[in-house]
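In this document, chain identifiers A, B, C and D correspond to the written order of the chains, with residue numbering beginning at 1 in each.
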Amino acid sequence: MKLDYYGLGIAKGLMVTLKHLFRRPVTVQYPEQTLNTSRRIRGNELVWNEEKCTGCSTCAKACHIGAISIVTAPNPEGDKYPVEKYEIDTGYCIMCGMCVEVCPFEALYMGAGYEKAQYRRGDLVQSKEVMKYTSEKYVSGYFYPEFAAQLPLQTLLLEKITEEE
Amino acid sequence: MTRAISGEELAAGLEQRIPGSIIGTSKESILVNNQSLLSLAAHLKTEPGLEFDFLSSITAVDYYDYFEVIYQLTSLEHNHSIVLKVRCHDRENPAIPSLVGLWRGAELQEQEIFDLMGIRFEGHPNMKRIVLWEGFQGHPQRRDFLSW
Amino acid sequence: MVTFDLVFPAWQFKGLPPDWPGGFWWHFIVFSIIILAFVLTLVIMFIWFERRTLGRMQARMGPNRVGPFGLLQAMADAIKVMLKEDIVPNGADKLVHLLAPLVAFVPVLMVFAVMPFQDGAALVNLNIGVLYVMAVSSISTLGIFMAGWGSNNKYTLISAMRDVASVVSYEIPVVLSLAGIVLLAGSLSLNDIVRSQAQSVPFVLLQPLGFIVFFLGGMAEINRSPFDLLEADSEIVAGFHTEYSGMKFALFYLAEYAEALVLSTLVATFFLGGWGGPLLPPWLWLIVKSWAVFFVLVWIRATVPRVRIDQLMTFSWKFLFPLALLNLVVTAVEVVAWPEALPVLLIPVNIAVGAVLVILLSRNFKPGGSQVEA
Amino acid sequence: MVMKTEPLVLNIGPAHPSTHGVFRMRATLDGEVIIDVEPIFGYLHRGIEKLAEERTYQQFIPLTDRLDYVSAMGNNMAYCMAVEKLAAIPVPERAEYIRVIMAELQRIASHLIAVGSFLNDCGAFMTPILYMVREREKIVDLFEMVSGQRLTYNYMRFGGLSQDVPDEFLPALRKFIDQMPRYLDEYDQLLKENEILLARTKGVGILSKETAINCSMTGPMLRGSGVPWDLRKADPYSVYSRFEFDIPCGARGDSYDRYRVRVEEMRQSVRIIRQAMEQLPVGPVRSKTPVMLIRPPAGEVYSHVESPKGELGFYLVSDGSIAPYRCHIRGPSFINLTALREMIVGWKVADAIVIFGSIDIVMGEVDR
């Protein structure tokens, strides 16, 4: 006769939950505490480098949603076309990063910000003034290792919880 | 490694058992006559040495002139596979026999093809739209369906 | 010291002198207020405690935004719930739908009428207290059934049916398990039961089997996990209160936790010595013991999955019911054969008998179920 | 006297806590017993196959993330492999290894969700799923590190990966795979032998071997029924043939077996990752392929991988242009629903939820 099924399995489970009562919770209290995001984060903004952009619209072609609209002057100035309008509708954008990947002149970067929610859909359209690259701008290292090196290391839950055996 | 049986090799044997069933072969597939699809599939499923007991996937492709329905068959026992193709030239009211009786795995996939491609599978127990609603006009997976 | 007695009666209050003008009514009013305050405060504390403890057991924090440690969370929820729209579904039986939360909540409150907070300090010291508790507490089922029926929803109906089935089955083992206590204490009055425990040992040691049956059966009756079939959120959405919102929902929520409070205080009273205990004032002992019982309820809820309706029935009829009967027989034999036996001797005997019976009866357990031929 | 009773038609879904998305079951009940059930879906149909025809090959990669969104890496890999087979694009060795690591991590993440929500469906109040989501969070952190996003990774490209893994990835991964078996043991301790769980799942929703094969079930469903069919062994793709691992199988094909198969698969995945890390070569991660447009030769290809849910296949037809002529996706979740009726009928409502949970579907893949 096998002595089984009299509640030992439940008791084992109860021990696990009891053990967790004395462990630290893993919750992060978001607005007060923030974690460092990945160095390659694809945040919901893009950063556009006016000096480097030649107006070739490769990014617009790579975008499968058609969220990038770009209008350049008809005549080139030197070796580039002056960009008159450069807009990304982040309401449509799915942050796939294809535009950044294909840019042959390294003029478009993902932004590292992720708090870009707006109250109106129209406000989601990022114009070239908003996106313009400055040295202070917090730029993600997606496809740009030199930017990645400047960002802080990502906080990993893996390292945050250290439970001794 | 799953061995892909070459179409020619298989067709040679099949032609003797069910004459006139195969109208074309390629390196990995056999193109089957519409009428003899059921008997040929039953043969493939039960014949010792072949025993294609597992129907991986059914697809339909719209080539404008005809629809092609593609069956990916695998044998779990012998670990080999073959591709079966059937063509359907009628664009207005395309229909081919259903394989639900042999492989029940075909049930939802045939229903989906009917929904998106408009090919009617004769003998299917529940031939109605599956992902789109009843009353939807047209079949969106056809090449001539205008998406917007 | 009359005023002090009136304000904090539970400290020293033993009932006003019978010659006091309108003595009974004063007693009635004072204890009604005490019971209301006791139930409402403790229920709110229990809600907070359950959410915090569950949170910590599940590696998260639980409510911690409103007030210190989230203590005011229940208040905030109450305010939110009161401001919500009261929705009555189309086709609902309006009167039944309206009455259901009240019928579910009021009996739970009524149970406390016989609960002794201290020696003799109860609204009424009924000499049939145990019967009263059992009778009154099962009325809530009616409220739940009314909610299920009156909501005009299939999920609520299934939930109501499940509840009636489970309460009808579990009432029997629960009452039988209390019979052992009554035999040992020689009285049906709750106060006498506590007093006899204060004289010997808590009955959990003398009646381990009765304790198990009462605790598990009680959990099933108040629909705590793992017997929370009637609000099984993964199966029937929210069960009987699917169609309730606003204040009516709040009453159901309150009733649910008040029932948990009833179970904890009853277990504390019947098995853990009630108000008896050294050092601390007696009413605090009652709260501490109830709290400990409630912690076990929360702990179990955090761990186990839910049983199925037929397994719920099987558990009652094939496990708890025979156990309760055997327990009654064993206790009766002990009381008749060795009326003067010392607890020291009876404790190991009873625990051994209990363990053997539990293990033997667990042979009935069969994993899985049977498919019904369609 | 004969009591006249009527069956009750109960709509479970599309907005129901345990239908894992917008799935709907129209169940006919006799009391608590289900006498008929009809699955109804399409609430999340986005026409991904049609969208593929209107996009270039590259532009479709981000959309594959949205198929089975709890295993986006696996979908990326399946699609990229199909295109590589079609256009004969070579993949560097290091990329193959990293792909395998990602796919196996993703398998663990997906199974964690599957097991967690299955146990949640059994009624264990949120505890198992919260523990498992905690582990998944660590995996998602790793994915975020390499790809920059936490759910829709868009990490693989034709001929390799979009970028090499950062330097801090491998130490973190090693730490994770050292921790993981311990946590798996803890989850087993939590519920593996729990009597109530055994009562709820053992022998419930039995799917026989023959039915499983006939209904084209794949993945843990098929293996739970005792058929040791795993494409990683049966038809080794990528570099899977170089690793040593077992195929866990169930005996009876009940819900408990499927749950156990998933847990054991997680252990095997940890094993594979450990071996892959040891063998990981250095070198490029992307072969010379155009970033924007590729034009595969006309032809057709069927390529399948073992995704966490089962056999995920891509059938691509190329006409030599920049966009696929036809892209068919064999979603394992979709086809695993074939035997739903057979498994559920005759069981009670509570069992139906458990059985449904043990199938582990993701609506993004069912409706596509």
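Here, contacts are C-beta pairs under 8 Å (C-beta built on N, C-alpha and C of every residue); 3 or more make two chains touch, one makes a residue touch a chain.
Predicted model, so just to flag it, every value in this text is computed and none were measured.
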Note: of the two pairs A-D and B-D, more contacts are counted for A-D
Where the CA atoms of chain B average out and where those of chain C average out, how many Å apart are those spots?
-> 63
Cα-centroid distance, chain B relative to chain D, in whole angstrom = 25
Between chain A and chain B, what is the separation of their C-alpha centroids in Å?
-> 44
Multi-chain contacts in chain C: which residues touch at least two other chains?
-> 57-60, 302-304, 365, 367
Please set out, as single numbers or ranges, the residues of chain A touching at least two other chains.
-> 5, 7, 10, 13, 16-17, 20, 26
Which residues belonging to chain D are in contact with no fewer than two other chains?
-> 127, 131, 134, 190-191, 194-198
Each pair of chains that touches is included here, namely A-C, A-D, B-D, C-D
For the chain D and chain A complex, residues of the former touching the latter | 55-56, 58-63, 127, 131, 134, 137-138, 141-142, 144-149, 152, 154, 162-163, 166, 168, 172, 175-176, 179, 182, 186, 189-198, 291-292
Of chain B, residues touching chain D in the complex = 1-2, 53-57, 59, 61-62, 70, 72, 76, 79, 83, 103-109, 112, 116, 129-133, 140-141, 143, 145, 147
Sites on chain D touched by chain B in the complex = 41-42, 45, 47, 49-50, 53-54, 211, 213-217, 227, 229, 234-236, 300, 302, 304, 311, 313, 315, 317, 325-326, 328, 330, 334-335, 337-339, 367-368
What part of chain A is in contact with chain C in the complex they form?
-> 1, 3-7, 10, 13-14, 16-18, 20-21, 23, 25-27, 29
The residues of chain C that touch chain D in their complex are 54, 57-60, 154-155, 158, 225-226, 228-229, 232-237, 301-311, 365-369, 371-374
